[in-house]
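Each chain gets a letter, A, B and C, in the order it is written, and its residues are counted from 1.
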């Protein structure tokens, strides 16, 4: 609309200055749009371009030129503005990754699920001896290490929890069966067991406090559920 | 430098993710540079691009693509930035930022720092023949055009002043070596602190307060920071 | 003129006009007042920024290249200017007067034939340096105006008007290894504390410890002494600990013998090993 008006005005002024060629107009529009803090309407562009320019035409040419580029010319309301190409929006985000150790409660819950899967919440609580907070399970599920399995065919049909492929990936396991059993851990000397050799003494009071209630048996029923 | 490193690192990671093709890299660099008002170094771009990208190569391609456009890719010290083409400044009245008018003392001091850098305050005063007020240097530093450089290794270890990347950006210079008339001034011996031959009197008691450790010569380390 | 030219302070800096920022805390209040007064005086002399600035302006009247300027004429012009200011009862800042004195001196030197006895720079050298200073100041002024005339950012060249900010997000990645998992399971199931494997060194006396001990004790062993006497207290009762301590101590004595600090002897197989400090 306004282009037509402009042209009329221009004609009344006579042709003392012919408008610059379209490529030049395109450059001008490009610079204007680039430097402007706000989207610019065609009318606003016309006000700033030399007489006789046709910003609508220049914008069309410019939009075509930028099509498929890293920035694109977009229509924003009444105006036009350069914007990052939508597929490159990931470049406009920086993500800082913070690594944190998994809490003790979460690690224990995860371990119980891994060793006993499929396992219900009640069973996890029984093994841990404390209640399992909803948040802990949610966190493990959100991390993609645990998922809800089939319901147990017992009264109440409680949900079970199992570990995921992602879990196996993260811990470098082929399957949950690859988790070493406690007896293996102990046999390999990887579990603190009360010493039997002659070179023993020196256990401090503090250590005893932790480990004094040495357990008798490690049950052989690992993976009973599998 | 860092490209090479990145590539090595990338190789050790295996070829799981080959870097995107150059045209795609060019688009990404275009998006990054368009989005930023400040110049971006190749290193800064590399940090935000996918692994294995070569922003230096993409920047070259991009600079060629934008040559002659309304917006051009300019080199600013270590960085690159899109800026509107200087010949279109007539369109930009509404964008013009009203900068505080610099006093003659400030512009002269700025020029002396740019052409003689790194330069001590005593040397600036010797060239101008008057004391440099704190305010003048403060203003230039505040505008981001001047910063304190290394100390001169002469008695008293006076601080030196150098121009910044912001200075280069503001005045449209790729580096301090591109200062207009630099080589002519140097050839004419006007960037040395003394003419050849025996020396005329210098350094008064008043100067000593600031600069008693008046240095022999402005050493040959001009533009050490480039 | 009795002062040697090297002492003539012809370029004493005067503060340039930047009102309000002249805040050198160390300066005395009276001093500040003096300086303010000086600034006011400079303004009286048409706002020149010091004698060098004034000289540069005067040099323009010669209408020649600064390289070919007549310093003698310039000195005369300057002196005339100062004289005029005096007649007009304009008080000149000290620097202008110092410069006047120096130029008067230079003028007399330039007019007289060179004195072979005279040490220091010749009048021509001093004149050349002044010409150089004027030319350099002129060059820097031109450089400044060329710089200001460039296509400046925000005036001729523009940055992106609507830069897009980089969104920063934070993601927490939890870490746990297989070891953590097993440790947790062990804790739950057995109340055992799972621990990574490490060699238990409780009953081991190291050679370093033995070396330390023997080094300290050997000084007292002027006579042949049984190796067993060097074992640490409390390590002889338990056979395992005694074995370790004996082996370590023996190895330590071998090392010290090699260093020439002690001697060892043994009468026969399985008989006691005795050692003593090597006599000097």
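Criterion: a contact is a pair of C-beta atoms (placed from the backbone, for glycine too) under 8 Å apart; a residue touches a chain by one contact, two chains touch by 3 or more.
Please read these numbers as outputs of a predicted model, since none were measured by experiment.
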{"item": "Chain contact topology (line, ring, star, complete or other)", "value": "complete"}
{"item": "Most centrally placed chain - per-chain CA mean versus overall CA mean", "value": "B"}
{"item": "Rounded Å distance between chain A and chain C, as computed from the means of their C-alpha atoms", "value": "45"}
{"item": "Whole-Å gap between the CA centroids of chain A and chain B", "value": "39"}
{"item": "Cα-centroid distance, chain B relative to chain C, in whole angstrom", "value": "22"}
{"item": "Chain C residues counted as touching two or more neighbouring chains", "value": "158-161, 164-166"}
{"item": "In chain B, residues with contacts to at least two other chains", "value": "34-35, 48, 82, 84-85, 92, 95"}
{"item": "Parts of chain C lying in touch with chain A, wherever the complex brings them together", "value": "158-162, 164-178, 180-197, 200, 202-204, 238-241"}
{"item": "Chain C-touching residues of chain A, taken from the complex the two chains share", "value": "31, 34-38, 81-84, 92-102, 104, 106-108, 110-112, 114-115, 127-129, 139, 143, 171-173, 179-180, 182, 185-186, 188-193, 195, 197-202, 210-211, 213-215, 218-219"}
{"item": "Partner chain B, residues of chain C touching it in the complex", "value": "5-18, 20-24, 49-53, 98, 102, 121-122, 125-126, 128-130, 132-133, 135-137, 139-148, 150-161, 163-166"}
{"item": "Chain B residues touching chain A - in the complex, by the definition given at the top", "value": "26-32, 34-35, 48-49, 69-71, 82, 84-85, 88, 91-95"}
